[in-house]
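Consider the two complexes below, in which chain A is the common component and chain B and chain C are the respective partners.
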Partner chain A sequence: MEPQRTITIEPVTRIEGHAKITIHLDADGQVNDARFHVTEFRGFEKFCEGRLLWEMPGITSRICGICPASHLIASAKAGDAILAIGIPETAEKLRRLLTLAQWTQSHALSFFHLSSPDLLLGFDADPATRNVFGLMAEHKDVIRRGIRLRKFGQEIIETLGGRRIHTPWAVPGGVRESLGAGDRDRLLAWIPEAMETTTIALGILEGVHAKFAHEIPNFGSTPSLSVGLVSEDGGLEYYSGSLRMRDSNGNTIADQLDPTDYSEYLGERSTEWSYLKFPYYKPLGHDGGTYRVGPLARLSVCDYIETPLAEAERQKLRALSADWDVMGNPFYYHYARLIEILFAIEKIEMLLSDSDILGEDIRSKAMINRQQGVGVCEAPRGPLFHHYHVDEDGVIQQVNMLIATAQNNQAMNATVRQLASHYVHGGSITEGALNRIEAGIRCYDPCLSCSTHAIGKMPLQVQLIDSAGRVLGERSR
Partner chain B sequence: MPILTFAMNGHQVSGHDDETLLQIARQHGIHIPTLCHLDGLSDIGACRLCLVEIEGQDKLVAACVTKPQEGMSVHTDTERLQRYRRTIVELLASEGNHQCAVCVVNEHCQLQDLAYAVELQYVRFPYLYPKRTLDATHKDFVMDRNRCVLCSRCIRVCHEVEGAHTWDTAGRSFHCTIMADMDQPWGTAASCTSCGKCVWVCPTGALFEKGQTVAEMEKHRDFLKYIVTARRTGEWIAEEEEGE
Partner chain C sequence: MARTLVIGFGNDMRRDDGAGRIAAEKIAATYDDVDLLSLAQLTPETAEVIGDYEVVFFLDASVNAKRVEVSEVLPRSGCRSGSGRPMSHTLSPQQVLDLAVELYGTCPPRVLLVEFPVSDLEFGCELSPSTRKMIDEFVESFSAVRPREGGPAEVQAQAASVSPSPGRP
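Moving on, here comes the complex of A and B:
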């Protein structure tokens, strides 16, 4: 009998951060277990201790170059809570605008730059050309449009914050700069093009769904909870609201959860094999409490979307299957992401057309009034929690950040396990299997830089390890 | 007051015998970089950035505390001086915890300006990452010793201009820090009048206003000239040094 073996995919490519996948085989060469390991460590929570509350948005936005605006907002909101003040209405609308711009640019990056090579060129295409450059050769117009769509989001962030990445614009109490009428008009003029690009992308994805119809059911569709912010009446929410949880059959199991009490119902488990912690819903325990977050989860927990075009697409997504399994299949994250881009563009237009958006009353000031505060927003990949404890002078004593990608950790591992079981047989791994496992991870658009609070990009490496821990073979690119 | 004539970078210059080489250089439009010097405060030659060469002697001297002599020949910008100045900035960078990207005075910092001026692109010395304290006990201001370069401007402005002498130094060498009163939390220092002068004269983000966020604080130091002139002449005007 052959010894047990492990296949390692390291590093995983076209995601944000460093990770590897190991596939553990039993003595018969069948998949016994598969794990998604995050191999980087950053320590933001530790080195923020001793800094001042007011610096935190500027420091924590450095966690990530993809979604710095989300960290900025969550951090500023934690600051609002500690100052114990309400921020001016214009400031909230401007922060909402920034959050949606962040969604747009990040989702466009995920769809056009990172995932469309798999979707348009196919999982079995040559890895040398299965990337954004290979795509440029065959689908030049689509990619150009995608790059422009991402730029639209970046442009809003730059207009508001003075720079595209790591703006320190949102602060405890509000925001630092207001929006001018000229800039508002310039951004509004960009809306039709952004809308057209998203519509084209939705058309392309429809074709992708048809093309991969036989593969999609095996794309890591394991039961899990879905968690996301919803508005008071159950609409899709991204800046405020309360958390709702639904199970894999669409039953609401918890509603109106105050996100600032997250630590009461969300636990975090550590393992010795990954720097990424494993959050779970406490009442259901480690395994039963596995939950997903991000675009598909948000569309699973909300009852409606307030903007018409996005709502029509949401209904189409729900109608793809009579039961709830579509909402648990990570392949549909791509669709959900495009629906959210559509929502973001519609909502950005609404916000920009609101005369309040040009207001000059944008910042409330106060000193330390509470010694702890939680700030929550929906980052592109899911709910983002920043929780700070300060002393009476505003010096940070303790930081806890619960990152969207971390909350998908258990679900990503389940997806990897399912894909590995389906595609890996006989103790060897084919290029196509490798690609599908990676693509399964990519559905979640994980951002490991954020989730381990690391930077860098991911090449791909696979190791085959026997039961004694010896590396039998290795592949990388 | 005798007037002396001597050479600076090969040009004949003249100045009073009680003026410093730095003052005379500025009167003649010759730039010498400084960090611990601030018009209106006494000079102590702490930062060594204004080092100049005098022909006939190996030892470099600080222009802010050196008086002229008849017939001397001074050089302010030789290759050797450039090397020394760059090294000083590198040592300052490696000795403290200077994280410009998340500092309240990013883009408005005199240490950062110096780093640009000496074209500092990397630091050859290992960073020491010293464990230093941040004192936020004052109701309005913060002292972050991570960003302190020990220029002592805060000590001098507090002693010489405000007359409070809240600040002083404690410890020696790497352990030297700025302390309030009897090395106690700033917020408990009875001598502090909360005037804020130390905050404004600080060249870096070591002293700043509470509530300021990243890259938000710009320090305006012009007030000092008015106070110093008013003390001497009784008039609320700023006497500009020639060449400024």
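Moving on, here comes the complex of A and C:
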């Protein structure tokens, strides 16, 4: 029998972290399997043991330079649970503001800096210029606006936390600093520009959908659950609420799940070929329990969005297809991301216009009242769980973190398999195929530094390997 | 218009990798007319601000430098093809300058890159003694290294530990 062969793409570029893709071919040169390998490891959970609970928000925010604010919030909420206290109303509103600012800056980074080169220059453009620099010739204003939009989110984070990344501002019981009226007014003044930029981006994306209409179906709609937080009445939620699961036909299969009980219904499977675990919904097993999280999943599980402009766009997204196909196709993560930016800006304006936001009662204090606690919020890429066990003095005994990107792991692998099956034939990989497979991964905007708690680099390598494990070919950038 | 901006960047939790940030913070604390940006990494947002200054220093740690090295960063023409590598959110000083020129049409008259040698990149916030000493010497000699107001565009290196390098292409 002819040996099976494998193509490897390593590293995958314009994602957060270091990964490679292997494409396994059968004897006829057809794709037999494809895997998205995460090849970095750092191990935050282990070295947090022995630290004090109150240090955890500051420490865990260091997991990531893109979404430190999300780790900060999840960690502070785990601390709230261990102290067994409610936090002041102003503190919750400020934490919500920070979470939305995090969404804005991270989603803007994903759309304008990382994905727009694919979307605006095309998958067949020269990789040397398929980046922000390459966009400058024809899309200077888009880049400038994207930079400003991300800066808007960063500005809110810096205003609240004192710095743009790795702020230790949120703590168990609340937050450290309040918001002043001058800063509130300065941030409010930025809203119209942020809104205009997002509207322009939505218009651009509409053109992209038309341009790639023939390609978008190839990005696949592998059957998968969607999981996300929803409010009590089913609205889009990002800070509290319960988890809802819908299947690939849009049927709700689980609702009102308490996110702090996540370990009862979410399992994690390891493989020998990736440091990134494979979470799944336990009642349906490893394969049937595959689920997606993040912007598209959130818009799949919610019944509505509370802000008018974002809700109108959500309805447009749903109307793209009569069935549920659109909500299962990862290409539409880009659209969902922009809708969430729109929601974040609308909601930020609402929060900043609420007089409570300037309150001075921002922190509750208590001693250790429980020996474990779970904090959950919706990070830009999906639900983020921090689960701590402490001793009676608040010294951390055990940490488990379930990161959004890990929860997309099975779905990302399915997308890679689907794209590889469509574009790779005959035992060789073209530049265009390589680009499309990478772009499929970028739809999910994975943050591998977060999900493996690792230090990230972003090179790209592709290998072709036979069934005996021999590398038949390799490409790298 | 403010005259001088110092941008220190690096990971201040990997000891000497934070050399640029610590040096920049010390310079800004020492010289009243110097503005400071202390960053984990350079991003496209950095390009938006540098055009407001006449002199911009990028301060970084370098595993290749044997002593403190000062070099001039010059804008490149046709930087689309010169960017060289896939980019996400992290940039080199050269790329920041190229972005400033291309996107905003601004180019500070003088852009200098200062690289500090490193000997310890393990976890921690403390600098190695040798890197700390070089930072202190550089901060002390900063007024000599700094281009004088209206003065000629040349890198000055009067401190013994500072060696000028040719401008980067």
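Observations on the structure shown:
Assume the second predicted complex is superposed on the first by the 475 of 477 C-alpha atoms of A that agree within 3 Å, B and C clash if a C-alpha of one lies under 4 Å from a C-alpha of the other, contacts with A are read in each partner's own complex, and residues count from 1 in each chain.
The definition used in the following text is that a contact is a pair of C-beta atoms (placed from the backbone, for glycine too) under 8 Å apart; a residue touches a chain by one contact, two chains touch by 3 or more.
Keep in mind that this is a model prediction, so the values were computed, not measured.
Counted by residues of chain A touched, the larger count belongs to C, out of chain B and chain C. When the two complexes are overlaid on their common chain A, residue A:Arg62 makes contact with chain B and with chain C alike. Of the two partner chains, chain B is the only one touched by A:Arg176; chain C is not. After overlaying the two complexes on the shared chain, residue contacts for A:Pro88 are found with neither chain B nor chain C. Touch criterion met: A:Pro168 reaches chain B, while chain C stays clear of it. Applying the stated contact rule after C-alpha superposition, one finds that A:Thr129 touches chain C and leaves chain B untouched. Of the two partner chains placed around the shared chain by superposition, chain C is the only one that A:Ile147 touches, whereas chain B remains out of contact. Legend: residue contacts after superposition of the two complexes on their common chain; A:Pro380 is shown touching neither chain B nor chain C. In the superposition on chain A, contact is made by A:Leu52 with chain B only, not with chain C. Touch criterion met: A:Gly394 reaches chain B, while chain C stays clear of it.
Across the two superposed structures, the residue set of chain A contacted by chain B and also by chain C is 62, 166. Contact residues on chain B toward chain A in their complex (touch as defined above): 101-102, 104, 134, 136-137, 139, 142, 187, 210-216. Within the complex, the chain A residues that touch chain C are 13-16, 62, 65-66, 109, 113-114, 127-134, 136-137, 140, 143-144, 147-148, 150-151, 154, 165-166, 458, 460, 477. Chain C meets chain A in the complex at residues 13, 40-41, 44-45, 47-48, 79-84, 86-89, 95, 98-99, 102-104. Every residue of chain A that touches chain B in the complex is listed here, in rising order: 50-52, 54-55, 57-59, 62, 166, 168, 171, 176, 365, 367, 393-395.
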